[in-house]
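The next part holds the structures, each set out as structure tokens.
Here come two complexes built around subunit A, the first alongside subunit B, the second alongside subunit C.
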Partner chain A sequence: MRILILVLSLLMLPAATAAEYAVVVASNSTIGALDSARLRDIFLRHRNFEGEVRLVPVNLLGEDSTRTHFETSVLNMNRDELNRYWITGHFQGLKPPATQASLQSVKAFIAHVEGAIGYLPLAMVDDSLKVIHEF
Partner chain B sequence: MNFFSVRPTLALCLLALLSDAAAAQESGYQLGRGKALTDWLTTGGYFSTEYSDSNNERKLLLDDLALLLYGEKGRGFSYLLEVESVEPYVADFKHDTTTTNFPPTIERLYLDYKISDLVSVRIGKQITPVGYWNLQPINVLRETTSNPLYSDRMIPKFLTGIDVYGYAPFATDLTYHVFAQNGHDMDQSNINIAIDRHYGFALEKILPGGWKLGGSVGRFQELNSGATRYLQLNTRYDTDRFTLLAEGSHKLQDQKSGSPRQSDAFYVQGEYHLSVQHSLITRAEYLHDSGVENSERIGIVGYSYRPVFPVSLKIEYQWHQDSAQNRVMASISVLF
Partner chain C sequence: MSFKTKTIVLLILLSLVPYVVTMGILGSAYRHDMESQLMANMNYQLGITIDRLDQSLLTLQNDMNFMASLDIMNDVLSGDIDKRIVNVLQQKKTDLALAGDFAVVDTKGTVIASSDVNSIGTAFTGTPLLRVALHSTFGDAAIGELLVRYDMDNLTRYFANDEHLAWSLLVGGERFGAAPTTAAALTIEGHLHSQPGMTVRLEQDRSLAFAALDKLTRSFLFALAIGTALIATIAFMVANYILHPILLLASTARAITETQDYSKRVQVARGDEIGKLAAAFNSMIGGMQDMIVRVKEEGENKLKLAQEKNRAEMLQSLSNKLAKYLSPQIYQSIFSGEKDVTLGSSRKKLTIFFSDIVNFTGTTDQMESEDLTQLLNHYLREMTDIALSHGATIDKYIGDAIMIFFGDPHSRGVADDARYCVEMALAMQRKVRELQELWRATGYTKPFSIRIGIHTGYCTVGNFGTENRMDYTIVGSSVNLASRIQTSAAPGTILISEDTCLLVRDRFTCLPVASVTPKGFIQPVLLYQVMQDDLSSQFVNVEQTGFHLQYQPGLLTPESRELLLQELEKLRGGHNS
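Now for the complex of A and B:
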């Protein structure tokens, strides 16, 4: 019985941890792998550079599941917490990242704008993009 | 003037305020985030009203009415302008008087240049980058109507000068500020301490488990007074349900003769968040000033309600060491 449970657990583990989304930059970018803490600093606009590159974070407009998953998994914040953060930021003159209306336009933005960084479903990643974090 | 005759007007204002907030959210404009007119110009503002009732006073005031303009231009440049009318309308029910004061003053006006994450420069009139309370000084962003004595009496709230800041190159999550002022404040109105010189250094570290820890040292020169040196410490702990804030400072002011005048002040504030909208607050404060051989102790309990985050309704009761100062304070404030 123990062996059966162990086998079942091992079979379920990859499914439970498999990443569906990726944080990406343009394929010719010099930016390498970044951890969640660093990405949180970038998307909350605490940090604006990676090496010599001035970063341009981009969000998907609205409450698409890709964005929601990014916020809870990588930023570790829910929408209420993010709203509070940006409202406080408004008093400090801090603007949230730019937005794009669709996943396709996010992809095009990242591929063509120097320093752009965003997130997409892994299935949309092709040669024009480089994965720097999976979640 | 009768306070009770004012209450229906207040209730109508409150209803209008809340319905406006709901309408704004439905139309796509998000209250509390300003309106971006262009890439380089976002506008917004805030206002707050306060009511205070004690043995000595019963006042209703429009406390702040402010306009914000800010934006980013080019690679790394940004600016912010905040003009504010402070106490534009005050009704004193004890003395049956009203006063108005509409001329706005410059609360902040600065230019920022981000060279890298390690070095940014801010030049102009700005909030002194010390502690937590000082950096979120407006009613709508805090959980009590009143400010602690610590925030009003110890360190100049504003700096007209330069602040060089960024992440420390040798440690993760450690930020620094090196700031200096050499001259008078840009606008002498509504400042807590009038100075013509101020130098300081501040650090803050984000620690594991929801804790932050920071501190600063500095020296300032009050107008017509001796030099003052200070040491300040601050800590903050956040969970989903609970926030703890504690700050304290010690300062020494040189006298023409004799030993320096010493002042110590601190506060500890706990916030229990019953839900996203409702919070209970308690705060203990202490201030001692050897110059007047006086100590002040204040205990506060309060309640905060936010129908939406940028709209804040608060009420608190204060117990003072001198019971004649005990009071009820309430406020409504909005960031737009």
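Now for the complex of A and C:
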């Protein structure tokens, strides 16, 4: 049921509102387009490799709207759920993704670190980045 | 070197050597001990300092490790756009009051973040004090380094502030802290445990370290100098105390030797060995003084004795010569001291003897003087021998006459004196008869005969003359009488006076021959002829020109005696006719 709702939601989103944010990697990355489920696995550290590439997810620090939107839109988890998840995960050996304090630093991080994957407003995407998912 | 100097030197040596040796050993031990203590102290201080440095560096390292472990170090990958690392570094620098700067460099050495914002974006220069590798939270690969740039001089604040100690930190050939000391110094080093490349060196100048000891040494030397002076003074006084009496002894001995004054004494009023020596010296000098006096007296006595001996020998020699001119009795009497050689006389009863050679002048006229001298001397020698053998005193020789007396200086009694005199006269007549035979055999055609007269009476006997020339002789009428009796005697006979005859007739045969009144005498004197030898062998031998009468009265019988008297009467009658 939940999946159905999600699919319906996804189908409805483009029609409802145009996408404003994008999940990006470095433009020279071999990583191609990924769906939300794959992104969710990556950002919840269920999946660390994409092909031969070691994945380095990066979050924005704090209560930034971009992050909130990413969490609700892509991860489908609010902050309390995430907190509980990572507390549990801490004891299972899971560490949350690295963080950057600003969108600029996220952009720079993705551009410099191989396998880095993050999210930015579409407006900030340039040639150095490659969009693999929009939301 | 005098004994005094030797004594002083010896006393000083005896006093100082143990002192110096002891002080030297103590000083050396103290110096060694002090050096050990200094080294121990330095080691202790070095250990503390190294520990503090290690502690400090370890704290810094821990802080850096902590910083390196922060998630924000992932910002290195994004160039620290948000300055989060810079903020942390600056905050830590402030917290630690670090005299330096932290810096985060990427793998290319470019400074991504630093507490010194000016250096961001540039290549890191210099040698970092500490460095920590940075790893991302998501991968193993190093993403850079956290470095700390530190001014090493600041580390010297951990060094104890001690003017004697020179601390320095040696890092990679560079030296921080105190300048190297040029003087001989005690040096120790230690490596930091956390940073083996960092060496802390601690130096201490010996001159400063041992300043106290040097001061002590100077004090010791000063005390030694004072002690030496004091000991020298005491040694001088002790030497004087010991030697003064000895020098006094020496000077006294020298003075005694030079002046020969043995009355000198040493005045040392001490009861010790030197006092005893002085007393013994005085005693010895006293003994020598006594001995010298004694020797001197003995010498004088010996000289006196020698002189007296010489004098005695001279006198002996003289008296021996004189003896020839004196009768032995007189000689003995004089030289034995019984009689002094002084003018003086005594009256004694003596027996006086006279003899002479019959017709000496007539005989000697026909003889050569040499023969006469020989003959006379021979005769006198023989007579003298007889006289002396009978104890006679030969008064004098008067030409051919001999004057002898008995009874002085030695008398055997008047009777014995007379007897010895008569015996002597008999012996003389016998000897003359022997001599007559001898002389006749020798060629003297008219040998001597002698006549003898003897009288016993009082005479004055003694030294007559002057003080310068005196004669020991007898004088008196008895002497004259004896002489007269002698002239009355027939040749070869012995006439004696009655006085003598009375003394000797019990021994000798005395015949009364005549009564004469000698010239100068008033009373006639009865004369006796002593019969010579025994009666049986007695000869009467009368020889004159024209006759030679010889008979033996002892053998005369009354008839022959009568015949002889008749013949003589005939001769008398014929002569008278």
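One rule holds in what follows: the second predicted complex is superposed on the first by the 120 of 135 C-alpha atoms of A that agree within 3 Å, B and C clash if a C-alpha of one lies under 4 Å from a C-alpha of the other, contacts with A are read in each partner's own complex, and residues count from 1 in each chain.
The rule is short, and it goes like this: a residue touches a chain if its C-beta (ideal position, glycine included) is under 8 Å from a C-beta of that chain, and two chains touch if they have at least 3 such contacts.
Just so you know, these numbers come straight off a predicted model, no measurement behind them.
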First (subunit B), second (subunit C), both or neither touched by A:Arg84: first
Contacts of A:Val113 with subunit B and subunit C, given as first, second, both or neither: second
Which of subunit B and subunit C A:Ser65 touches, first, second, both or neither: neither
Contacts of A:Gly93 with subunit B and subunit C, given as first, second, both or neither: first
Partner chain in contact with A:Ser105 - subunit B first, subunit C second, else both or neither: second
Touching partner for A:Arg47 - first (subunit B), second (subunit C), both, neither: first
Touched partner set for A:Thr30, first subunit B, second subunit C, both or neither: neither
Which superposed partner A:Asn76 touches (first subunit B, second subunit C, both, neither): neither
Contacts on subunit A seen with subunit B and repeated with subunit C across the two complexes: 54, 95
Interfacial residue positions of subunit A with respect to subunit C in the complex: 54, 56, 95, 97-102, 104-106, 108-109, 112-113, 116
Contact set on subunit A toward subunit B in their complex: 37, 47-49, 54, 80, 83-84, 86-88, 90-93, 95-96
Residues of subunit B defined as touching subunit A within the complex: 30, 32-34, 36, 42, 44, 46, 68, 70, 72, 75-76, 78-80, 112, 114, 116-117, 135-136, 138, 141, 167, 172-173, 276, 309-310, 335
Residues on subunit C engaged by subunit A in the complex (per definition of touch): 71, 74-75, 77-82, 84, 136-139
